Amino acid sequence: MKVDRRSFLGLGLGAVAGIAISPVGAKLTDDLSIWTQNWPWTPVPPDGEITYDHSVCSLCPGTCGITVRKIDGRPVKVEGRDTYPVNNGGACLHGIAGLQYLYDPSRVRTPLRKINTRFVPVSWEDALSLVADRLGELREKQTPEALACITDTDQGSVAGLFKHFMAAFGSPNLLTMPDLESWLAKAAETLHGSGHTLGFDLDHADFVLSFGAGLIDGWGSPVACFKAVAGRKQRDAKLIQFEPRLSNTAAAADKWIPVNPGTEADLALAMCGVLLRENLFEPEFADGFKGGFMRFNAMVQEKYPVEAVADLTGVPAVIIEETAIAFAKAKMPVALPGKGRGDGAQSLKEFAAVHTLNCLVGNINKKGGTFVRQNTDYLDFPYPVQDAVARKGMAAPRQAASVQELTARINQSGESELKVLMVYNANPCYSLNDPSSIRTAFEKIPFKVCFSSFMDETAMVSDVILPISTFLERMEDVPSKAGFAGSVVGLAKPVVNPVFDTRSPGDAVIQIARALGGTLSQSFGWRNYEACLEEVAAGIWDDLIRQGYAVLLNPFPAEPVTTDFAFLAENPETIQPAGEYEFTLIPIDNIGITTTVPASSPFAIKTVSDRIIKGQDMFVEINPQTASGLKDGGFVTLTTPAGSARVRVDFNDGIMPGVIGMVKGLGHRFDNKYVAGKGVNVNDLISPVIEPGSGTDAAFGVKAGISRA
Amino acid sequence: MDAALIPEGVKRCSFPKFMLGIAIVGAVLLWGVYAMLLCWFKGLNQTNMNDYYGFALWIWADLAVIAIGGGAFFTGLLKYIFKIDELKNIINFAVIIGFICYSSALLILAIDIGQPLRGWFIFWHANVHSMLTEVAFCLSCYFAVLTIEFIPNILENRQLNKVPFFHHLAHNMHGTMAIFAATGAFLSFFHQGSLGGVAGVLYGRPFAFREGLLIWPWTFFLFTWSAAAFGPCFTLLVTRITEAVAGKKLVKDNVVHLLAKISGWMIVTYIIAKIIDTIYWATVTAPGLGFKMSHFYTNNGFYGYWILIAEIIVCGVIPGLLLINKTTRENPTLRLVAITLGVIGVCLNRWVMVLQVVAVPVMPFDTWALYIPSWQEVATTILPVAYGIILIAVTYRYLPVFPQEVELNQPTAQES
Amino acid sequence: MSEIENKTEHGSMDGATACAAGDPKNDTGLGLGVIFFIVAFLICFLSGWLLFPKLLYSKHEQPFNFDHVLHVEEAGSCDACHFLREDGTFSGIPKMVSCLECHTDEPMGDTPDELIFAREYVAKEREVPWFVYAKQPDCVFFSHAAHINAAGMDCKTCHGPIGETRTSRPYEENRLTGYSRDIWGKNIWGIKKNSWDRMKMNDCAKCHEQETGHKGYCFQCHK
Amino acid sequence: MIQDKIAHKFGMVIDLDKCTGCGSCTVSCMSENNVPFKEDESDKKDSITWMRVYRLTNGKPFPDAQIVYLPRPCQHCGGTGDHGHSPCVSVCPATATDYGYDTGIVSQIYTRCFGCRYCMVSCPYHARYFNWWDPVWPEGMEKYLSPNVSPRMRGVVEKCSFCYHRYQLAREKAYVDGVDEIAEAAYQTACTTACPAAAITFGDLNNPAHKVHQIVKPDPHPDPMNPGVVGKSRNPKVFRLLERLGTNPKVYYMSEREWVRKLGDSYLEGEWEKVKNIYGSASQ
């Protein structure tokens, strides 16, 4: 017997036959397909009990109420909170994508300290004592004013704690970023005296005259504005939009009137002229006029004749007249200042001029009108305990009125007078014009502390980063602002334990003060931030706890309003786009792209059109009529006095000939591939121009040249 | 070296030379296999397909190879059912080509689907309303038939044939071949048609949509007819190429002329039907949905009117006429031109019915979508070509594929 | 005359000679081949039926033994622990909080299992990582409310007499799919005797067809 | 039992004059339905957005240019004659997508789909998306995924489901409450509830009590000019996308602006003028 080919054949055949009539084949075929249905690398979300938490979103000045759906305590969805007095259900895309910020790739996960250009993780204790030591030195040297602090806003108890800290420490150099609220406050202060701010009753107004305000492009409290704009049909209200381009707001408006960029103030003043000439201003309210009303009248008649302004603005004289008259004759007219989101570089002259229209028609503190009200201060901080050092420091002159004034000053001086800088929830090294100059100024400040949730451009240049819990991980009072008619304070509650080793900014400030000891720890006697909040917001605490918010002012302010025209009567100069080029470059606000803190979430970026971002490149809008020699979608080099950038062009019939529109909020340079590294930061192309009246950058646009690249 | 395997009485190139050729084509094959593995393990992100181009190069390749593989069922039909006996001299080769085409089609489908391991769902959870289901069933059944038709030819290999069992098997299978040919023809009629139906039933895509008979849109019949018409062209083309490579005549002219003539008449009748269909679609169907014909063609170079003219006139009418006319048909060069144009024509038709369908914007605010295949797609599409060449080379070398070869290549006096 | 016919003419004879030539060797070879065939066949056949199922599933013991009988006596009914929440969703395997309605970190009885429970889980405030025999894959949406409240079914029909068990059988998991063996059924061919022996889609469909006259639309049970 | 009640026909009407193109619906949908995202989503032909917002222009030059935004979920087509043979359902070879005659919702079963993509080719609305890539979330981010919708694996097609899981949850609630009907408010899609402008109205087109029915006023009779078309709106301002193809979508759109309504379908010269004032057979 000899083993040959046939034997092996038998072996093989036998094996095959044996397997064939066993379950192996059938079972494996089925199981293999089931395996593909349950690939171990495809996540399976655990199921559990569904619960809902109410809170408030503080991603933007909108302050919408949110409801967070949770599964066994794990947040899975953010939605607008029904019956919340700001947004009444509904939410914007950034709020809905809020959960993505919890696990954002650029989250700062632990306190960091910079040791020669590299960040190393340190414990909270080390980080805090490090900061306290540097601050302590300033007080020992009797130079507390060498500390400066930049916060995103001056509203709410966290900003309040920083203010409290600066006062107790002894430095007047507390600055806030230029957001819409700050501009409205400036305008209100200029015309109605300090301590005032403005709100607009858009839900009832029947004639809204918007000077570039992007009502549905992110202006004010976005969701509230969306509702107001969308609800126009029912209460047949009109929206007239003056703007150099067909923004979403202009597209949704009843009438879009293109206006040359940077001439909005002149347009408003010309309209004031028309109202005064035609005696269309409201006599009763006019009783409150003082401070050079006559001079103002004379000035506008002389300096802003309709014909001349028509040439300047590109708006036909007849349209100016008609619109002004229609505005005056409307039952509940409101004029809105603040181009785009109304933050960043704006112009006090423009805000004042536009608001003057409101004053002239006298639809002030009435239903469907403009609310001029005291800053609703629901917070009652105890007076800080100050020692001699602190008093001396507070007596010292304030270094600057705005961040850009400050950085300009530092860049001029050989050595920075400031020794320590604290930045809270702001990204000046990205979101202000000419951020590179701000970075260089910051480099000259020996020690910078950044209270931030994300490793953004500003965090990267600082020496210590204190990681802050996001709005979903901590408690905070969130007051409505940014032109919202009502006055609501919401309570943001932690819906999830901090994902990383982060703390509430309030706690961080208190702990720093404690570490400094002396009068500072006396001024900060609270156990922790929550205890502090409960104490300083005692007046509304019950409401906050019971319903998650408190309504401060209902329905609208009653106190009489006086109006002072002195500022405008002097006819301050209008800041025009600087430079010698043929085009005017203006920044565009896009609802899907955030321009301050934090940067957009992956979901938000995903909604952005491929006519704004394509791969790593961004598009700029240009009217085909003035795009000779260029081709749609082609690459161009955009040149301004401040610099140049390589972008692609998007032929767009919705933008004025001669104007180039460039979206704000792109060109981030930090470690987050979902948002960073896409496009160019338009701020890099614009140099700040400080407006005398406000001491703040008012360079909204800039002259630009464009050539094929 | 492998002399023992080579059929008696025929000349073949030396084994090393043969292996060299195989190695060259084999390299291409391996390239394709590599691309295939990439697609299987990394997923279809390896392709340039996207949500607009859900069907692209691969589906085209499928439809094309099945169309040109139609020579097998049609020749079989003529030989075994209509008893046109001369065709026995080319039927083996037609079957081999068919076998190659259909096995390639199945392979490409296996790469094209996003979840290959679930591929069997199409049979297990079949949706009888779907043309694709019909395709899948008929395709696999007909492939089985082709295999059966191929087996006897394999068994005629000199060594295998020595085994009495195989010998008799081959003999008996030849006897029963008529049944299989009939089944094959029947199955082919359906799946060739269903492939036409795949496009024709898309009532959401006005470019593809056609009215029809009962559940079958006109494209159903057009596809079957065109496969029968152009399939033989491909059979003849490959035969011609094989002859060129082998450097000798393999099939007698009368056989070639006959097949060419039949093909010619089929093409002419088909193209008439196609022209009628196109006119009806352009003037009745599409306008009824609000679309002018000009909507479906663009000047972007990919989908211009040229494609329509190329398909119908240049690669339809012309080859048809060349093949029905005796003088042009029997002129080798013109015949070669005709069959080549024919093959291009049917491929072009399948291309249009797959890619232009998805390229054309349907929503008024939508835009034309363009697509360039990735190298992985190209490689996996060339893979079957390489595999086909190798299979033909091997079968030609070791099997008595061409019954007339010996007779046509008698050694002359000087040689003996 | 074609080559094929050529061959068929003399073929038979060639074949015969071939056989004659190789007779003896062939037989032995063939015989051996047959033996090999049978051996291989038996090995593969048996291992396919007996060994394969063993290899396919991995066994896991529950964290500790759970006496359903005892708990049913104490608690009264299944839904005392496995209840529908107010929003209609099903609570499934009880969480620690439910257990603590009766239990404390001090054992009530004297079984070693309860001791494990008290020491390892209650005391350490950990959830018990039970293996769920009836665990369905992620793609399945199953509404207990629909079957209990609307259809008035009992637990046993699908879950079997688990309430009458004093010990927890080991949980068997398909190594390839991660499914609980209860889904396919104990029988390797998936043959079932009782309504609860198998929990595949067809079993749902069959019952739905009987009860509602329609096996249901995909989304009724898939997500 | 609820399923024994008369069949629902869930659908929505979107007011394009209210829509601001803000993208809340898109994001709400993505976060509700565990839609994945990539580092680069700027290739819109490879970017999964069940609810996609299209930007429409009137094509006029400055200063007459106008924009409108059109949100496009799956249209949940009833198919020719509204018999449930939707373009996609009728072509799926493996029955991975079916038409729920009890809800009018077109399903998509990811574990059944084997990725042939025929349904995508059949859909003129590009409402279907293929998972070209494995879904990958940044480290930790998978923690926010919802258990109500199972994440898709690479190689299958996915699309809008009208948030069917919300319907399921509403039904479960109804079961324990022992009520037969699901209240209009009890089942609303994620895009509807998210829309800040309240531009989306969702409900049962078969239920005269529901807002969507009152706005759309669907015509029960086939369109005399095109028998395949059923459920044409009798509201002059309401239209459907590509209605003439006979796909019978359950998503309706509303606009005061004629140029917008005209963009909803294809018309030969002069056709629009003829048909623009014909709204369903009842208005004949």
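Note that the chains take the letters A, B, C and D in the order they are written out, and that residue 1 is the start of every chain.
As a working rule, contacts are C-beta pairs under 8 Å (C-beta built on N, C-alpha and C of every residue); 3 or more make two chains touch, one makes a residue touch a chain.
Note that this is a predicted model, so its numbers are computed, not measured.
Student: Using C-alpha centres only, name the chain that sits farthest from chain B.
Tutor: A
Student: Average the C-alpha coordinates of each chain, average all protein C-alpha coordinates together, and give the chain whose average is closest to the overall one.
Tutor: D
Student: With contacts counted as defined, which of the two, A-D or A-B, has more C-beta pairs across the interface?
Tutor: More C-beta contacts join the chains of A-D.
Student: How many angstrom lie between the CA centroids of chain B and chain C, rounded to a whole number?
Tutor: One centre to the other, that is 46 Å.
Student: State, to the nearest whole Å, the distance from the C-alpha centre of chain A to the C-alpha centre of chain D.
Tutor: About 34 Å, centre to centre.
Student: Hey, how far is the Cα centre of chain A from the one of chain B, in Å?
Tutor: From the centre of chain A to the centre of chain B is 63 Å.
Student: If you average the CA atoms of chain C and of chain D, how far apart do the two points sit, in angstrom?
Tutor: Comparing mean C-alpha positions, chain D is 39 Å from chain C.
Student: Touching two or more other chains, which residues of chain B qualify?
Tutor: Expected reply: 115, 118, 121.
Student: What parts of chain C, by residue number, touch at least two of the other chains?
Tutor: 87, 89, 137-139
Student: Would you pick out the residues of chain D that each touch at least 2 other chains?
Tutor: In chain D, residues 43, 47, 95-96, 110-112, 134, 150-151, 154-155 touch at least two other chains, as defined above.
Student: Where on chain A does chain C make contact in their complex?
Tutor: That would be residues 1-19, 21-24, 27-28, 31-32, 34-35, 37-38, 40, 44-45, 47, 49-50 of chain A.
Student: For a test of understanding, state which residues of chain D touch chain B in their complex under the given definition.
Tutor: 43, 45-47, 54, 56, 70, 80, 85, 87, 90-96, 112-118, 120-126, 128-134, 154-157, 241-242, 244-247, 263-268, 271
Student: Going by the contact rule at the top, pick out the chain B residues touching chain D in the complex.
Tutor: Listed in rising order, the residues of chain B that touch chain D are 43-45, 49-55, 112-116, 118-119, 121-122, 125-127, 129-133, 136, 198, 201-206, 287, 289-292, 295, 357-358, 362-366, 369.
Student: Spell out the part of chain B that touches chain A in their complex, as residue ranges.
Tutor: 115, 117-118, 120-121
Student: Along chain A, where are the residues that touch chain D in the complex?
Tutor: It is residues 36-37, 39, 41-48, 69, 71, 74-80, 87, 89-93, 96-97, 99-100, 102-105, 216, 222-223, 226-227, 229-230, 233, 246, 248, 251-252, 256, 258, 499, 591-592, 602-611, 613-615, 623-625, 652-657, 673-674, 678 of chain A that touch chain D.
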